[in-house]
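So the structure is just underneath, and the comments pick up after that.
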Amino acid sequence: MQFVLLQALLLPLLLSPVAYYIGRKSGPTAAALFSFGLLAYCTVLVIAPVLSGGYEEHYKWTQLFGEFGLLLDGLASPFAIMIYLISTVVALFSKPYMVSRITTMFEERMNTEKLVGGGTEMVESSSLKSHLNHQIGAYYALFLVMAMGMLGTVLATNLIEFYVFFEVMLIPAFFMLAIWGYESRRRVALLFFFWTHVGAVILLLGFLSIGLSVGSFNYADIKTHGIPPHVLALAAVAIIVGLAVKMASFVVHMWLPHVYKASPTPLNALSSGAMLGVGAYGFFRLIIMLMPAQYEHFALALNIWGLVTMIYGGIMALVQDDIRKLFAYSSISQMGYILFGIGSASALGLSGSEMMFVSHSLGKVILFMMVGAIILQVGTRSITKMGGLAGKMPITAVCAMIGALTLMGVPPTSGFMAEWTMFYGALQTAIQQGSMIRMVTFGLGLIATVITMAYVLWMIKRIFFGKLPENLEKTKEANWYVTGPMMVLAGFSVVIGIYPDVFFNQIIPFMKGLVGV
Amino acid sequence: MANALIDFVLVSVALLAIGIYGIAVKRNAIRMLFGIEMVINSANLNLVAFSRYIPNSQGQTFALFSIAIAAAEVAVGLALVIVAYRMYRNIDIADFRSLKG
Amino acid sequence: MVDAVFLALSVLTIGSAIAALEIRSLIYGSIALMLALSGVAGFFLLLDAPFVAMFQLSVYVGSIAVLILFTVMLVRRELIFNKVEDKRRRYAGIALMIVIMLGIGTIIIGSGLKTMDTNSAEVDYKKIGEDFLTYYSPALIVMALILASSIIGAMTLARREDVIDGQRAD
Amino acid sequence: MIDFTSTPIMLTVILGAVGVLIPVINVARKEKGSSVYGAITLGALLAAIGFVIYQIITKHITQSAIFSSNVLVDDKFGSFFAIAMLIVGIMTTVGSFNYMRKRANPAVYYSLILLASVGMILIAYSTDLVMLFIAWELMSIPTYVLAGYLKKDPSSNEAAIKYFLFGALSSGIIIYGISIAYGLTGSTNIEQVIVGFSKLGPDMMPLAILAVGMFIAGFGFKIGLVPFHMWLPDAYEGAPPTIAALLAAGTKKAGFAAALRVIIMGAIALNLHWAFALAVIAIVTMTVGNLAAIKQRNLTRMLAYSSIGQAGYILIGLSVAPISPIGIQASLFHILNHSVMKASTFIAVAGIVTTLGVTHIEKIKGLGKRMPITALGLTISLLALAGVPPLNGFWSKLMLFGSAIDAGHTLWWAPYLAVAGVLNSALSLAYYGWIIRKMYFEEGESNKRLKEPKSVIAVMIFSIIFIVGIGIYPDPVIQFAKSAVPIMSGLPVIH
Amino acid sequence: MTILPFDFIPGLGDLKVWAIWILPFVAALIIPAVGKASKRATGYVAVAFALASAISVLTLLPSALSNHEIHNQIPWISSIGLKAGVLADPLAVIMSNVVAWISFLIFVYSTGYMKGDKDLTRFFFWMAFFLGSMQLIVLSDNFLQLFFGWEGVGLASYALVGFWYRDKKKDYVGTEGRHVLGLMDYYSPTHSGMKAFIMTKVGDVMMLAGMFLIFAFAGTFGFRELTTNTSWATAMAAQHLLIPAAVLLFGGAIGKSAQFPLNEWLLEAMTGPTAVSALIHAATMVKAGVFLVARLAPLFFALAAIGINMDQFFEVIAWVGAITALLLATQGMVHPEIKKVLAYSTGSQIGYMMMALGVAGLSKQFVDGYTAGFFHLISHAMFKASLFMAAGSVLHIVGSRFMTDMGGLRKYMKKTYVFMWAAGLGLMGAPFITTGFWSKDAIFAAVYQSGNTWALPLFTIAVVTAVITAFYTTRMIGLVFFGNKSKHIEELEKAGHHIHEASPSMWVPYGILAALTIGVGVMGLAFEHQIHDLFVNYLGSTFGIKSNVDAVAMGGQPLLGGFLEGVNPIALMASLAAFAIGFGLGYVFYIGRFVDPVKFVNSNIFFYAIHKFFLNRWYLNALIYWGFVVAPLYVARGLYKYFENIVLEGFNVVPEKTMAGGARIMQATQTGVSQSYLYIFGVGILIVVFLLLI
């Protein structure tokens, strides 16, 4: 089992030029299948060690910044599995979407050139084809790198390693957004890069102060030596702020709606389903694990922050018309849930919070695929222009419904399992500490689920139910590249909802050890 | 040798200040060269003065180096001025402001 | 007696330095600069450094000032004389000059330098030569490179290639 | 007497001789081809770098002997800079092959590059203020000429004049500073000066401070420290882009070598307020550089401002050097990285200028398709400049910020340096990203692939390998930088 | 007692219990597959599985009647130590039987009612899902599993209420163009489905909170574990958390059973197909709340034994029930839509049940109220299912939901007419022959005898509500079957539509239930005693609640020679009077048509105002909309417009602008004039020296 994780981590990176080459030579389908196969193989590589318990790999790196390690424990494994699973599935889904997106962009450009150039240049199908092949190759190359970056962050055993991967995943995202995004994509790409980079460098400051005062950047060393008290508080604040920017918590969430509005849907799915969660992972690994005393100190604040985020995001989602912006706010709200759980300071609450990531990934990716399917089939993103699509796109509608239920936390989807453990954890702490504030946050948190439900159901109603606009009479069901992944994820969500031990067996013992129950 | 060291140093400071004034105010490239020469000379004066009072020969040696270097610098500077003059028919440095912002 | 010489030299040096900058005619200005540099040479003599003083006179007054004079002659006069400095810039420059004088002057006067005096014999100028050939010998090599580069550079710049190309620009 | 086995002397002799000989060959030769001079220069530089590496390996110098009773010392500190400068020299030379093909006086051009390289190298090896100053001038004077090398180009001349005026004035200031230092300590040897400084009574202290202030101004002008930076963007913009590479990557770093030898030693010998002043300058410098770069529309100028910003980062390491053991190490590392990154960007610009004849940012739209390798090299260099992992710039910035935070245990203000640094890194992304965006995400006038200059391609490939290679496995260079850090424990310190 | 063969196979007994709720889910799973082949077949599959499930339940009845319980657990979330299980105690088995059989009949009815609908697959999928979820609620042995079913019925109701998702005009409820407080009183199916889901979710959230509170102290969700070890209750009571937790749990019931103040979703739920309404109202969803209270009430009541007073909890239940009963009954009096009248009636009747269960906890003889409530649940299930299905037939034939569009149908739909009378009498509580009479009478008696401070007001409300119930039922039947044909019907006939009786697959189910209403009614008292005895044993053995068995079960004097033994005379008199008054008034207005109700209402400003007040649903619905939909949305839009897009957008804009501004300043200083640069250089030296000096 040696080098398993290293393989899983580096194969996508090393083979990304191959993906580009395949895309260029053989077209979108081959590239999609190659990426899919590669990621599926890597997913298996990640799952295999999980089945036999915890697993670690270590490699030599720099003397100053410590070793290059890869660790798969109860905390990392759900994240790692979900990240690669989502990537695998989205790789398939990307194909029809990106083909359509690139074709549209190409045609748009040709049209403007025609207008400007006086119509001398004819659009040749062969030039479109080669353009398409190039672009799709580049897309999959970037896609693979991004997947690798996200996995690396989760597997890292070293602060600097964490940071490196944290940044690495931004670059492909930036390019994907800037090349294939919508409307003001370039400005938004810069905005995205700027904000997430700001978050990352704040994080870095915290890392440096910890690592240099401890004398090592390895998690294990930091844990054994303990962080000197004089840097602790500041480092904790820096890390919390940095991660909160990544997670788009309330007040520092402003980049996210813009980014989601402008980015292509597969990127949305990937970023909402996996990338935001990396921020949550950071909270577990860096705050709770490395500085438990500070965590206790900040837990209530995180809890309240999460609450505010979830309510605020939900309220904002209620009034959106652009379907992607709706999900942007929804993602903010869901990240609020996770933050809420992180602030719960009890084993079950933390487990629920991590489970929330899993369920949010599933639900949100399904819903983004639905968005993609709708954009592909209907061609609009404005909710007011939709309606009654359930009859036209039944599979999409059913999967979207399951995704919606996952988001709302309705059994038997994974969302419920996440939510109940999380809220219960919050309540448990409230009772143990006899804290009235925690009681209130718990109650308001439950009320926030009603808000979530309201916006999700209202969105579903406006998209899938009601009168079918006349211009949508000819809408067809999306093809299997879209529906297949959706069904897989929906099924997975229900399986986890009924039998949560799939992940709980990993998570709960770990969290219990962490909190010291 | 009745003069204190400080007198020479003060003269050198005056010369330095005048040199800086010249280079910061005058528009004529050649006058700016004057200013530079004054600055270098003030430093040389300092060196020789210190060399006398320490006493130590290194200051004088350095002064010699510095005089030679100043000469080399001025040669290059004048060459540049001449090139500029050929192009603009003008050696007003304040007019050379196409590079800005 | 020496005080008087020092005073006179000071007045000469500083006065002609100011004159070099402020006289409208650039040619007179060049001559004033020569005077100022000669004044510095006078200080060198006063400081028992005749070798440096000679060097100063020969290099500066002899060659640099002449070089400047040539350049002045080379460029057309009418352009040179007409330029008047901006009033505000000038006042600001004077203010800066005074601040530097007062600031550095204060530091110097306030420092222990004022107590520094010497009765020891002047430095033997042979010592200078010894320095050149022992301690500073690598510097001397580099000095040679500097002069070489300056000559190569200045010549390349000053040479008129259009003449070689046979096309006069003007 | 002259020790011909020591590295600096040998370098001086090899490079200096070749440098002086090239114009002579030019006069002797009748035909006009420029490539032969470039080849000779390249050969000399390669020989020099080989020699330096050979010396490092064979002499087994374990640590940097920062002081010497001689004017030059053969230590790893100097060798580190020598390698960096020689790399820059090689990159500039190779990058110039195509650029100089159609231009006049190639022999002088290459000869001056060689002579300037000698100057840059010697600065790092100097242990005497006089030697330092003379090496400084040897570096400066050829570059004045080189900056104004395009005699028909008004902006080149203007750049050269501005550069010259600043250079000459700062030379004067440096001499003045040296004169005071000499007056206070009776010696020009840096070790003697520092020992002398540390023994000064309080009444003499302001004078010592004045001297160091003048050193900061004098050396800082080359480094591009605010407020001595004003000439820099103008000069870089006007100068030929290859020379801008030399200026930004070479002379600037030589300025740091001088600053490390002189200012830091002085700072350590005196007290922490020196470091505080440097810290203030560092913050102001990086902020000004990055802010001003944002609005630029000229590629060269933007890069010039960026190099001001980078100087601010490097200064972080210098300012915390008395406290943090990794401060200077980080600075050295970043100096090496920045040399390569900046040289690579400017050479890329030179390639663009050679091929397209433009430097305006709107004109390089679609460059990713037209000149893919140049664009790729430029992009990677820019990302490395921005400190994006896993490129080499990331590691050195990391160490710089780390050193600032490390020093925070003793100096209350040090963490703010890191904060300012990281905020500036984020800020700098705005304009680095802007360039990348123009090259890749906007449609140019045509998509036809152009023939890229071969020499530029070579430089690009070298820099990509260097940047990514060190980015992935930085340890050897970090260790080298560590070994090049001058020993400071023996220095007298006044508290 | 029949004993089915597989009872003898050991081990299957437990499996059978699982099968009860799993079978419908299996049906739901295979229905889509079947639907691919034949849409009609989906109905038969659903019916078959419902029957199998129902038989499975029936086999449990014998052992349940002998107070035997089956409790079977399997591991579930082992990482937390939670187990899944089924608990078939007498309460669950009886409830399960009611659910199973009534659902089965409704399924049969659906095959006729939904014939020809193109989304038949979806319909039966959700119906089966609905049934499975309900059985899951009934048979769960712990809160968490119960919650799965609980949300399952919510989900199914959402899907079924909004079944006609295309929002055609005919599927709406309410009157188009009618406004209440500026809001349209007119709801589309999808809107109603959403409303149902969200409003019940509010209750669910409360229930979750209650569950968690108890779990936090008890460490278990299991009902039996909670009963056996009550130390958790002591701990909670010490922290004053027990009553809040209990009330929060009851909140779930409020939502699901459409009790005040979460009652409004029930009326809009009428947008679903009538079969769905029947299922929701008679067998599944709204009864889930009552069942939950029935599950919990003994648990909390039994705490009295260890000195914990839960009176406040039961008072809340009783009063919520009473208020709902009256509130919805008054609205039912005036509404023109037949299904809505029935819906109001359901809410009102559920209120009765809640009142009974609440009062049970307040009286010394817990079992009386408990039995009364549960008995009413059973009888209500029968007649309400029947009424709904019959109403569905009428709707189906007439093609309008308004009673004003009907009239005089008794000649055309004789069977439906008869069955509706039978079921309607049950609802009215027609004396002695209907189950409704007995169960209502039991509630009256329980309330009257409970002997607590609130007995009299509650009793008064109950009686008034009974009067109103009798009145609106009479009104409904009168409007539909009596009088002349409406214009609408005449138009239909002109268009060639023949008014006819419904098909057998439709009328047989409601015929059976109507017959049962009368049939069980005739032997009602005996039936009631049977349940009573069963519960005495059950509560005694399981919860340790002692009942005073020596006293006559329902107290009071023997009447009519023992036929009415155990019936409280005052309650009996009240019941009779209520029926008489209500029916009489209804007869005057709607059957005999001696007085024109429209004229009567308009004759007097007072009547008019009251009529309007009732018709506008006491303005509750509108206020809820204003308070929880319109105003929050308004606030949200404001927040979005002013806070999000101006204040927070500043986080994006301000750095951008600051950077641009700073850049501009930097550019401005870079003038290009060398003198200025050099001047700054000179100043810079001074600044640096100054910096160094300080």
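Labels for the chains are A, B, C, D and E, by order of writing; each one numbers its residues from 1.
Rule of thumb we're sticking to: contacts are C-beta pairs under 8 Å (C-beta built on N, C-alpha and C of every residue); 3 or more make two chains touch, one makes a residue touch a chain.
Here the structure is a predicted model, which means the values were calculated and not measured.
Undergrad: Would you mind naming the chains that touch chain C and likewise touch chain E?
TA: Intersection of chain C and chain E contact lists gives B, D.
Undergrad: Central chain, going by Cα centroids?
TA: Per-chain C-alpha centroids ranked by distance to the global centroid put A first.
Undergrad: Once you count every C-beta pair in contact for both, which comes out on top, C-D or B-C?
TA: When the contacts at C-D and B-C are counted, B-C has more.
Undergrad: With chain centres defined as C-alpha means, what is the inter-centre distance between chain A and chain E in Å?
TA: 38
Undergrad: Averaging only over C-alpha atoms, locate the centres of chain B and chain E and give their separation in whole Å.
TA: Their C-alpha centroids are separated by 98 Å.
Undergrad: Please report how many Å separate the Cα centroid of chain A from that of chain B, as a whole number.
TA: Averaging C-alpha atoms per chain gives centres 64 Å apart.
Undergrad: Any idea how many Å lie between the Cα centroids of chain D and chain E?
TA: Computed from C-alpha means, the inter-chain centre distance equals 79 Å.
Undergrad: Where in chain A do residues touch two or more other chains at once?
TA: Where chain A meets two or more other chains at a single residue, that happens at 194.
Undergrad: Give the residues of chain C touching no fewer than two other chains, as numbers and ranges.
TA: Correct list: 89, 92-93, 96, 100, 104, 108, 113, 136, 139, 143, 146, 150, 153-154, 157.
Undergrad: Quick check: what residues of chain B touch more than one other chain, meaning two or more?
TA: As it turns out, chain B has residues touching two or more other chains at 9, 16, 19-20, 23-27, 32-33, 35, 44, 49, 51, 53-54, 56, 58, 61, 65, 69, 72-73, 76, 79-81, 83, 93, 96-101.
Undergrad: Which chains touch which?
TA: Applying the touch rule to all chain pairs gives A-D, A-E, B-C, B-D, B-E, C-D, C-E, D-E.
Undergrad: Which residues of chain C touch chain E in their complex?
TA: Listed in rising order, the residues of chain C that touch chain E are 89, 92-93, 96, 99-100, 103.
Undergrad: If we count contacts the way the header does, which residues on chain D are in touch with chain A in the complex?
TA: Residue list for chain D touching chain A: 326, 383, 388-390, 394-395, 398-399, 401-402, 405-406, 408-409, 415, 418-419, 422-423, 425-426, 429-430, 433-434, 437, 440-443, 474-475, 478-479.
Undergrad: Which part of chain C faces chain D closely enough to touch in the complex?
TA: 104, 107-108, 110-113, 134-139, 141-143, 145-146, 148-150, 152-154, 156-157, 161
Undergrad: For the complex, which residues does chain E have touching chain C?
TA: Going by the criterion above, the answer is residues 675-676, 679, 682-683, 685-686, 689.
Undergrad: Which positions of chain A touch chain D when the two form their complex?
TA: For chain A paired with chain D, touching residues are 61-65, 109, 160, 163-164, 167-168, 171, 174-175, 178-179, 186, 189-190, 193-194, 197-198, 201-202, 204-205, 208-209, 211-213, 230-231, 234.
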